[in-house]
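Please find the structures below.
Look at the two complexes coming up: chain A is in both, with chain B in one and chain C in the other.
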Partner chain A sequence: MKNNNVFVITQKEAADHLHNTGFLVLLATYTAIIFASTYMYGSLVHQNNSVLLSSINVKMISLFTPLVSIVLGFDAVVREQKSGSLNVLLTHPLFRDNVLAGKFLGSMLMVAAIIVFSVFVSVGTLLIFYGVEVGYIELIRIAAFTILTFFYAVTFLEIAVLISTMVKNATDSLTYNIVIWIFICVLFGAILKTVVAILTGQTATESVLITQLLNISPLHHYGEAVIGRADLSFMGVNVESTIGGIFDTEYTLTQCLVEFWMNIVVLIMTPIILFIIDFIIFLRKDITL
Partner chain B sequence: MLTKREKFLPIVVIILTLLSLIPLPAGADFAQVTVGNDISGKVARPGDLVEFSLTVEKGYNTSKSISVLLFMKEIPDDWTAGIYADGSQVSHITLPEEAGEKELTLKVRVPENAKDGEYPVSIGLKPYGEYISNSDTIYREFAVTVDRDAMPNLEIYSDIPGKKTHPGIPVSFGAFVENKYESRANFRIFLVSKPDQWGVDLLSTDGARITKLGIPAGESQEFEILVNPPLNATEGDYEVLVAACPEKGNRSVFLPISVSINPELSRDEDLSAYVELNSNIVGFEIRPETTAEFEVSLKNRYDQPLKLDLEVLSLPEGWRAEFVNDDDEEERLSSLMLSADEELDFTVKVKPSQNATSGLYPVTVAAVSGNKIVSRQLEVSINNDLENEELLKVDPNPEELTLNPGSSSEVRISIENRGNDALEDVTLEINGESGLSTQIQGFGTTDELEAGESRSISVKITANANAGSGIKEIFIRAKSDDLVSSERSIKVNVEKSSSSGLLGIGMLALAVLVLVFVVRKFGRR
Partner chain C sequence: MESMSVESMSVESMSVESMSMELEQSGILQETDEFAIETIHLSKFFGKEKQIRAVDNLNLQVKKGEVFGFVGPNGAGKTTTMKMLIGLLEPSEGSGKVAGFDIVREVINIRETTGVLPEPAGFYDNLTARQNLRFYAKLYNIEPGVREKRIVNLLETVGLTRAIDQKTGGFSTGMRKRFGLAQALVNEPSVLFLDEPTSGIDPLGAQMMRDLIKELNRSKGVTVFLSSHSMEEVEEICDHIAIIAKGKLLAAGSVEDLRDMIREKEGVHYLLEVQDIPLSEAAEAVKNVEGVTAFDIRDRTLHVSAKMKLRTEIAKAVKKAGGTVSMFEEEEMNLQKLFLKIIEGA
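This part shows the complex of A and B:
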């Protein structure tokens, strides 16, 4: 019964998104960005790696994917609260956790749909236009990349829902989310370098302190797991690991997983931990208008 | 009692005496400027430029700035003249406070049609300015005597105007043109006459063909006269006439040079009774940058050992000939000791001058013992139209390959020196095509490639992901200084993978299906 309630809210949340014009515009824009960056990247010369994998512009994807999550999740709770529908909803035999889980699953489903659609469209078009030879190794890695991108996006979705639970109105939620996005995806590496340089006098980007502090950023774990780069933010830390992430075809996928298991675990666990925090906050929240 | 007259007389005398002692004001005026010139008459020939130097100087006790107007007062009809200061024609000059004098030059151009005789030329100088009180004009006269028989102001000569050579062997003469004018002048030099079928070149000291020489005043300039007698030139003395004349004049000065042709070599040839000097191949047709190699054998038919010196009797200028030991190419032979009936094979390497023109050039080599000689004439025909690429050869392996977009393949390129000399800085040059990228693995330049040696260089060819389908060509060649190999091509057939195209369509379809599934499953409110 409880599961059925969650599914109903999930379906309702997904339907709300699908009927939203903004969602369709977002889907089209995101797909266009991924396609354009992949197509342009593919025309460059890639000496030592698979052309298909090298064509995927991970930096661009890591920058724009969080925006999709933010758009889907920034008003998930606060909108219902403000409109009063949350109070009405909870008059039914329904628990708060059902509401939150349903909303979260509904948005997660949309994120998955957008990412799968965008990656498949981009890679498929690239294969048709360029006619590059592609093997099962590349296809498996693209699948792994899609899953990692999904968890990366879900992290930001959970942050958006969490902020949506905590703030009083949707505008504040959007503002906070954008600030967090700019901080993590755009400026984190540069800010980190500057702060460490001021506090310790170390200017070397490969200093241990910087690499340790980078672990707080989901972007770091995503970048390292996919292409072996410690930081993908602007003017960030330019450190690369020996294995170029799951895109490095000179190593088997198992070797990559062994090397980057910590990053993958962090990418999977972060949304779960955030969900638990969100759940606790939502249970304690005063939802009166 | 003194009369009134007697009283005033002493006073009048005293006054008159005092008046006579008062100095009168000076009445003479000094000239403001003076003009000095050493030479006021010169002999010239029609077309000459005559120059007179003059100095304008401030007058005595004049320290102020003075300007002087300069003008031609008298000049014969059709003559041109001008006054020059510091190389520029001037009509006014100013002598500043701190300067006392100024050097001027009067230049007079004698027309070509001027008749013999004396012609006056006069100029005027008129000082002016705020400090000038006396502005009398000063005139100076010069005379130009035109004499068509006068000696010209240039000379052309050669230290050695006569030389002996053999048919087909060029001979060069050093020659000089001396400028006797008082200023720098240009002179035309040209060939007046030469025997039929002879080649004559007028060359600068660095080997360029020249038609004019610019020579500073009083100096001389060297040039070279290169005379190339034909192979069929017969014995005798021949004259080549070269002339020089001022650039704007038409009076030439001639330099006859004499070339004596001696078709026979002068040395006694009776050594041929004892020694054979033979070569199966006596003529090669080559390009100037290649070396002709003649296999020569020397046999002593005498019943005693003979010491023989190897000499090159005749060789075109700038060429090089060497006697190389067949057993060791590093060894150069100069003299041999041949025992009775012994025969020795060696190679005569003839390296032509790099800028040798097409034609047949004889090279005479000889074996000499005392004053006896046996000689052999070898012929090298220079043909600049011969293909030279094969001296340096590139060979790709494979020559054709098929690539998918994004894939790459390695091609081994062999560079071979097929010449006789070592080549330095042999560089592999690749001319790619859009859609393909090439990368030389390792070094693309070989410091030295010995004669006959070959070197293999690996080149990685990558088809870019956006390379269009079809056959593309990459052109390669090797280069060392002026030597360039023939161009070879590597054909790259870029084929798009049809299976990946189908896979792409499948992925697009799957993406649409995912979207449709999500909409149908979750789209209903």
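This part shows the complex of A and C:
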């Protein structure tokens, strides 16, 4: 029965998102961006031997997918606490961890659905407008790409829920989340380059420090694992791996996974660690009756 | 606040059984299962050095089927006690049982058999009354057919049939309170915890809420644990009352028990109107009655204070002095006055 209650909350959370006009507007905008960027990207001449894979605009996806996660998670806990509904909910037969797990599962389901949908939009655009070929290799790589994108997006979802657990109101939560998004997805590389250049006088290509510091960004791990680029942020570090990520069809998927296993592990582990931290904070939180 | 949910912490509290035995031997508690709620030395301390004693050594017994009023000034420890009873806070010391379940080890059982209307109570304002109740009902695994019927019945009980498909976001304060009661009843609880159920609503709405609570208690035998600031409300609907301040239980019993307690401590106050002789003469006569501690003449009325009930003796003394008592009343102490007396005494 207790586990059932997790699914009751999951169901409600997912339904709430689907009925939220703001979320639907964002989803429509996100889909339009994915469609437009794929359409534009598809018309370019590609070096890679797979037109389909090289036509997916990973940079655009890496930039906008976190926003969807933020919208899904920024008020997950604080909204319920502020409205007093958490007060009421916790008087019913379920534990606090059930509430948090249900909320995460509900939002994660939405993230998964949106990512799968956006992949369909990307591939569909390329199939319909450019008639690109889709083979077994591409399908496997797209599946791996979908999974990595999911973990990347869930990282931002966990950050959003974590902030939502810690702050006093939803506006603060949204502000902090947007600041973190801008920092990681837009400015991180440029800031890193500037700071390291000022402190050490080294450029991005020379500095080992930059490569090491990049490891704290989920965008770095995502970019490297998918297309072999160390940094996808604006004016960031322009370093590329020998293997162009899982999208590089000159190498087998196994070779790619062996090359980027560390990035993949970080992408999977980060949301799990964030969930544990959030779980502890939520359990210790005073919920005024 | 240094709080942590019960479910996340280890159980260190002494078992209810062993404490009950100890208290039975000391005569504090009676061995019986007639209680819906009982606490034994229940305490909650906050702060690094446990310097804030929100609830301090609370021993309570609430009989099954009664309406129990839990009153006290702000910060008295009412809500903290309620939180401990429904398993939202783990006691620092002591233990308790609700509906026969331990408040530390059997939290889920408690929540399955109790209903709670907290203050503040928020609902999912994007959902209708029916959808909200459906969500809460799902948490109890109630069969869909039973669930839907119960939702309709509950909303009818609280007078919200017309609002069944309205979003709760549009409800007035009174409607929200009544809806809160409906959500607390969704699992057909045997014990109902109500925290300030009429706060913020108009007198008519408050009376409707009180009638609802009384009716629930009368027709379904639901034990009600009511925390309130309204003495009028508590006096009207509660069988027994406990007064708490600074975390300590100051008094418990029926309103009459509390009156007796005050009488014992402060004596009895009578108001007399006398004919045939001047009040000063009547006062002189009353003064000599053993046990009379003070008298005063105000507004053509003789005010007499006595250590104990001396109604007959005073009447006799006035008659002996040649007077006729045309009005003889014991100064009625309502719960509000009793409450203030008890709090002042603490």
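The rule we apply is simple: the second predicted complex is superposed on the first by the 284 of 289 C-alpha atoms of A that agree within 3 Å, B and C clash if a C-alpha of one lies under 4 Å from a C-alpha of the other, contacts with A are read in each partner's own complex, and residues count from 1 in each chain.
The rule is simple: a contact is a pair of C-beta atoms (placed from the backbone, for glycine too) under 8 Å apart; a residue touches a chain by one contact, two chains touch by 3 or more.
From a predicted model like this one, the values you see are computed outputs, not experimental measurements.
Taken together through their common chain A, the two structures put chain B and chain C side by side without a clash.
In the superposed model, A:L283 lies in contact with chain C only, and not with chain B. Contact with both chain B and chain C is seen for A:H19 once the two complexes are overlaid on the shared chain. Shared-chain residue A:S85: touches chain C; no touch with chain B.
Applying the stated contact rule after C-alpha superposition, one finds that A:L127 touches chain B and leaves chain C untouched.
The superposition places the C-alpha centres of chain B and chain C at an angle of 150 degrees about the C-alpha centre of chain A, rounded in steps of 10. In the overlay built on the shared chain, the residue A:F117 is in contact with chain B alone; chain C does not reach it.
In the superposed model, A:T200 lies in contact with neither chain B nor chain C.
In the superposed model, A:G42 lies in contact with chain B only, and not with chain C. When the two structures are aligned on the shared chain, A:L109 is found in touch with chain B, with no touch to chain C. Judged by the number of chain A residues each one touches, B leads among chain B and chain C. The least CA distance from chain B to chain C in the superposed model is 6 Å. Touched by chain B in one complex and by chain C in the other are residues 12, 16, 19 of chain A. Interface residues of chain A facing chain B in the complex, by the touch rule stated above, are 10-12, 14-16, 18-19, 42-47, 50-52, 55, 106, 109-110, 113, 116-117, 120-121, 123-134.
Against chain A, the residues of chain B that register as touching in their complex are 404-408, 437, 439, 460, 462, 464-466, 469, 495-498, 500-501, 503-508, 510-511, 514-515, 518-519, 521-525. Taken in their complex, chain A has these residues touching chain C: 1-2, 4-5, 8, 12, 16, 19-20, 80, 83-88, 90-97, 283-284, 286-289. Residues 1, 3-5, 7-8, 79, 82-83, 86, 88, 108, 111-112, 114-116, 118-126, 135-136, 138-141, 180, 183-184, 187, 193, 195 of chain C are the ones touching chain A in the complex.
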